[in-house]
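Input: structures, listed below.
Note that chain A is present in both complexes that follow, paired respectively with chain B and with chain C.
And then the complex of A and B:
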């Protein structure tokens, strides 16, 4: 009877154990995955390894240069060797994680007949007109003509000439080492026309350590798809001055041709407005010797802020705005001059603020006050104004004056105020800048997503990241094969996709879901369920160990 | 439930593609510009007029209405380079980018008491064609200085010269009523409307509580109201004038006195009654030169008798009735106090979707009889997408009160859709009444460019009527509000119940039960045995 009872109890104990184990098994096999799956944040997979590879990307910027030799430019036996190709690669030393290499690929060939004919003409302009009409050159490529040492095409003491389009003329030499000497001259000219360290350093100013590159390099606007240019005429004293400016004509005549030439670099829109009673933020000082007023250099930064609130933001687009202000000082403060650091008046009476725009002070001719009573009608001399504003516009877009090699003749600017190779140089710089921006954005996005596991990554965000990575790679390839135009387009796509991914609002959905709320919800459910299971598991474990020890003892 | 007279902000935008609607415009052909390019300098293509009208209201308060009108002869909607002079760039860009046909945006704090103040001076311009209209109202928003500052920036003279020097924020918001607005619309440049100009009207009207600002007297002066005086005209404005309503002055020479004396007066039929205004032209050098500034003053010689103010022919009231949180009723009372003339009223109601209207309960009664509207347009709401739109043309019989009522059911919102303070209630935007009210005196049609700005706001179609647009009170409706900690409570309770059930179930399944043999010990038993032994009874 007792034995049967003990056997029944044993059976019951075993059954209890099994039940507890089964509970634990269900909780672990079924419950945990179910809970995990239902509360998981959706995270699409991202190309983390490819993004980290982008940082070690090697940019090879290939500049295709065609070098054309005329008949008497080099010794005859050297001419026999043509055509052939010389590649010269040079690393551009920048403190940047990307290695940038510049690769001039020089294709040497003999001149065709029509080129010979053109280059034997009287002066450079004529020759140029005859040469460039029949052939259109691809963006970023250059053509150099090597002419005879004694040719009268260039003035006597000049060695080379840089044209307004993508051409240059270099004097040849009758020498045993002719190709080497000419090659060096060609590289000098080609660098001036395409890529120099300075241009790239300015483009990457945001990504380089502060100390080396001064704020001067940060002058150009950041690369964007489009820009808005606003000309504002500030008339703080409409009681004394009735100012008229023919801005429509000036924009049509001076600004629009320049922007048309620049149109490859982005979309532009031009607006103008007249603001009355808009004051500068600082009171100008009076200079008794010249009985004029002046603004000194250190007060210029305070000029902009009060005016800016009147300028108004753009309602129609999100592009960065470039402001150009023409300030006609009030009667009580005129004439007004801007002084430079040494206290001398600035010749243009204008200054610019990096990435913001420019301000020009336009003084009313003092004779006008005597002639008529107030308000004086002021007709603004738009040629004078636009000269200054266009020069500032060039600076703000990062089109600096080229560093011309010695004994080189630079052609006068075209009517648009922009040379074709300057545009190319801008595109090179902008492509590199775009690539750097896109890479930085992607890297920080990847870091952020890797660090914070709460962020939801939706499929469309992931696809933007993939396309950005692909666009960066494509742009790098296009740069390496010398297709500047398509490289620039790809780099813009890369920036756009990466920014869209980075600023996607869906990333923020669950970011701030606090952990304590999670625990407040889980604890009432999980604690009463988990504790008995854990306790019985511990008990079973202890009992099994005990029984094993007993077995050992009996052994 | 009481109607709320508090903050109210209106927002209207009309975007009507297609041809500009021909408007009742000037009969005289305006200055027709040549086709341009004739070799001489273009005449100024934009012009600015500014105007301030000061009206003592029947209740004793003082209403001041500013209007700044910029007219620009330009095809703004053409793409291309845009150059702005007087017209603000921000608004111009808006028009050309979004192809706006018209825009009316107004910020209003307080409620215009039509019953006591008479019909409002400033209304949205008459355009009842709302086919492409976007109309929205945000009754909850509070108007503040931060709304006034950008509005002032749109003025060509900013707030530095002209009438705008009076716009001092701390005074303007210390009033019983404040309404600032921007109206943009195309106007015809000539009688045949072959080309259009754009008109920007910036209006601001305030009602000063005369008893508070004037220490119990009804006298007022510019300095007392605005704490500023006028010093110079805006040099950009072609016209800069102040009009003061001195209508009762003419009838009885002894009641009031304005200082300085006006050089000219202007008489016209405004809102159906004949009015006289004293005119001060700031461009007239004599007005300001005398004392370097102009501080208009009005003194009542005799205290005006406490006669009941004349009741306007049309006014309205609106309220919510019903009890509980399920159903309710929206009622609008339309008063026609004209002794013998009936006139039609267009009533436009937008009701948020969370009040589900029962259209079959719509009843319109006047003088105890059912009044059948001659036109009804109803667009049902879509949850979270669009509100109800109800538009009716109702004939108001003479000397009557018409009651328009409709029942609704309150909807339950999702818990994230409630505002931060849901127990405050939800606003229902005011209904809009547009009517041609018969006037007391026949009015002549006016020339828009010549007559004062306040006169050209309401076009007179024929002399016997004038147009009025009124807004009723915004309403505040309580919606059933849940306890917002409820989801957490539910989770906790459910989890606890689950945990308790699970616990006993688990115990039942995993514990082993065995029959316990009664043990031989026990303190009680031993004690009992001790006692038994002492008594000599056999132990248990």
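And then the complex of A and C:
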């Protein structure tokens, strides 16, 4: 009986040991992986390798130039060699991780008959009128005409001329090395019309290490999909001045053509408002010598803030806003001039602030006060005002004066105020800036995912990242093949997709999950279960070792 | 001549060296407590809000997160006011407070979303922090805190690790040029221990293990009105105007242990410039860079169109009638009208039921034979 009982307990013990072992096996083999899998943060797969490749992307900016030679521009035997193509590639030395190479592809050819006729006319403007190309030249491409050394098309000592639409005229030379010399002149002119180092440095100013505090580089607006332009008339003294401005007509006539010319760079919307009793935050000082009031340069920065809260610019849209204010000073402070650092009144009576807008002070003609009683009717001269505002708009957009080569004549601007190749320069700069921004965003997203393990990446965010990477690669290809318009569109898509992916609200999904708090959550669940299993495993292991030792002993 | 040239050159250099490279300023002011006995936290935040507005940052660039339950609290003996000084000298609530996140919207999630920019697309512009890589941001937080965390509205907390990660996400996306972080809570220094992103300067009202104390109670309102650290910081800021050249080293000296009882701390190792070159107005004020416009473009005057539109404008004006208000409320009519006779409605179900019950009880008690005397 005792033996049977002992055998029964032995069986029980063995079964107990087996049960404990199975528990442990199930917990470790099934439970642990299941728990790990179900509690990891969901991360859809991202193209990390491609993102890191983007950092080492080499941008090739190709500028296709067509060079047209007239009959007497180069020696005869050189003329025999036409047509052919010369490529000149140069690396832009910027301290940026992306290498940028600028490639001027010059296609030389002989002039057609109508071109010869046009280029032998009296002056350059006539020649340009006759030379209108049948279809619009593609963005980014240039055409240069080489005329003879002694031609009277250009004034006497001018070597080259840059026209308002993507054309230029360069003087030829009768020399053995004609093509080389002319080639260098052409490169100089082409660089002025498209890409120079400072254009790209300004575009990439936010990504380059800071070594110069140049104000030029911090002035332009960042590239965005659209812009909102607001014109405001500030009348602090309606009792004295009844101010009327034909803003709709002025916008229609002067501003809208300019914005239409710039339409490739983004969507623009224009609005206007009139504000009464809006004062400047600064009291102007009286200058007895000219019996006028003045604001000096040091007080100008304090003018904007008190006014800005009344402009209502933030309610309008999510695009960046450019404010242009026209201030008609009150009767007690008329006339009001802005003084520059040397104390001389500024000719335009206007100033601007980078990435914000501009302010112009419009003084009422003192003759208007003589005859009539207050309030005096003031008709604002919109042409004078728009000249200043459009100039400020150009500066705020970063359309700066190009570095023209020596002895070069720059044509007067078109009626819209924007030359076509200036738009091209803007598009080149913007494309490069967009690509830099998109690459930085994608790289920082990848770095963040590595550093912070709590960020969730859902499938739609992953698809945005893939499309952003594809758009960056497409933009780089288009730039390399010289299609500026499609490259710009692709770069904008890249920026949009990468920003959407980075700023998706779902990335902030897991809050309150720092690692030390995870222990506090899991210990009450797992500890009561794990302790008996572990203890029994330890006991089994010790008994097994004892029984081996016993076996050895008996052996 | 040489001397003046050198003087001008060094002054220019000095100006450039002082400049911080920012073009706009933002402020995020957060009060993390609610309930009447935390009056002082709301007063702290509103006082900083007033100073920042006075020095030039517009409302569109301030994100103010308050529980906003003080001014209209039933326990407030002076409704619609929040005072920051005893004897009710300064009402910091005023008429033009623009609170962006109020009451239950002040949560850790919303705060982190504002900082990192991961906001749902339907959020209005005033609730967003639209800073860019040239923005200097001031972040001020106040409330109840502990070693490594800050309590939000008595129901959740934000840890210093989350805050440091949020700043890192801001840095990766270049959402700030320089950041000044000020915190006035107990054990405030623990909140800035974990920062690891560059260009951050942090100030706290007390070290780890110390409590930040409140300044003075007001017997009429019945609660403490301000915290000590913020009170002395505000006294310091009262002397700053938009032109001041005072630098950060002076702000570090504010509120020594003798006045504050706790030891204020600061952290500048992540900041690239020397604090003595950093102006207070770099963060608290908003001084813009301006340039004189020296060039114009020439436009062709198209007189034909201008004149015709001018005439049209004049004609339009003559034809327009003078504007007047529409009849909004006929007050005269309302005052003098007679009371309207109400239409008669048959009695409702309840009245009918009640009378039926009374009549039934009467006849049950006294018998049906009385019916002929009634009808």
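Going forward, the second predicted complex is superposed on the first by the 501 of 555 C-alpha atoms of A that agree within 3 Å, B and C clash if a C-alpha of one lies under 4 Å from a C-alpha of the other, contacts with A are read in each partner's own complex, and residues count from 1 in each chain.
We take it that a contact is a pair of C-beta atoms (placed from the backbone, for glycine too) under 8 Å apart; a residue touches a chain by one contact, two chains touch by 3 or more.
In this text the structure is predicted, and so the values were computed from the model without any measurement.
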More chain A residues in contact [chain B versus chain C]: C
Which superposed partner A:417 touches (first chain B, second chain C, both, neither): second
Chain B versus chain C as contact partner of A:440, first or second or both or neither: second
Which superposed partner A:277 touches (first chain B, second chain C, both, neither): first
Which superposed partner A:508 touches (first chain B, second chain C, both, neither): second
Partner chain(s) touched by A:254 [first = chain B, second = chain C, both, neither]: second
Which superposed partner A:347 touches (first chain B, second chain C, both, neither): second
Contacts of A:263 with chain B and chain C, given as first, second, both or neither: neither
Footprint overlap on chain A, where chain B in one structure and chain C in the other make contact: 309, 313-315
Footprint of chain A on chain C - complex, ascending: 16, 19, 21, 23-24, 56-60, 108-109, 112-113, 116-120, 125-126, 132-134, 156, 159, 161-162, 165, 168-169, 172-174, 242-243, 286-302, 305-306, 309-310, 313
Contact set on chain A toward chain C in their complex: 206, 210, 213, 215, 218-219, 222, 244, 246, 249, 253-254, 297, 300-302, 304-305, 308-309, 313-315, 318, 338, 340, 346-348, 350-356, 358, 360, 379, 382-383, 386-388, 390-392, 394-395, 412-413, 415, 417, 440-441, 444-445, 447-448, 451-452, 502-505, 507-508, 511-512, 514
Chain A partner contacts - residues on chain B that touch it in the complex: 81-86, 88-91, 93-94, 96-97, 153, 156-158, 160-161, 232, 235-236, 488, 491-492, 495-496, 498-500, 502-503, 506-507, 509-515
Touch list for chain A against partner chain B, complex: 5, 9, 12-13, 15-17, 19-20, 23, 230, 238-239, 247-248, 251-252, 256, 269-274, 276-278, 309-310, 312-317, 375, 520-521, 524-525, 527-529, 532-533, 536
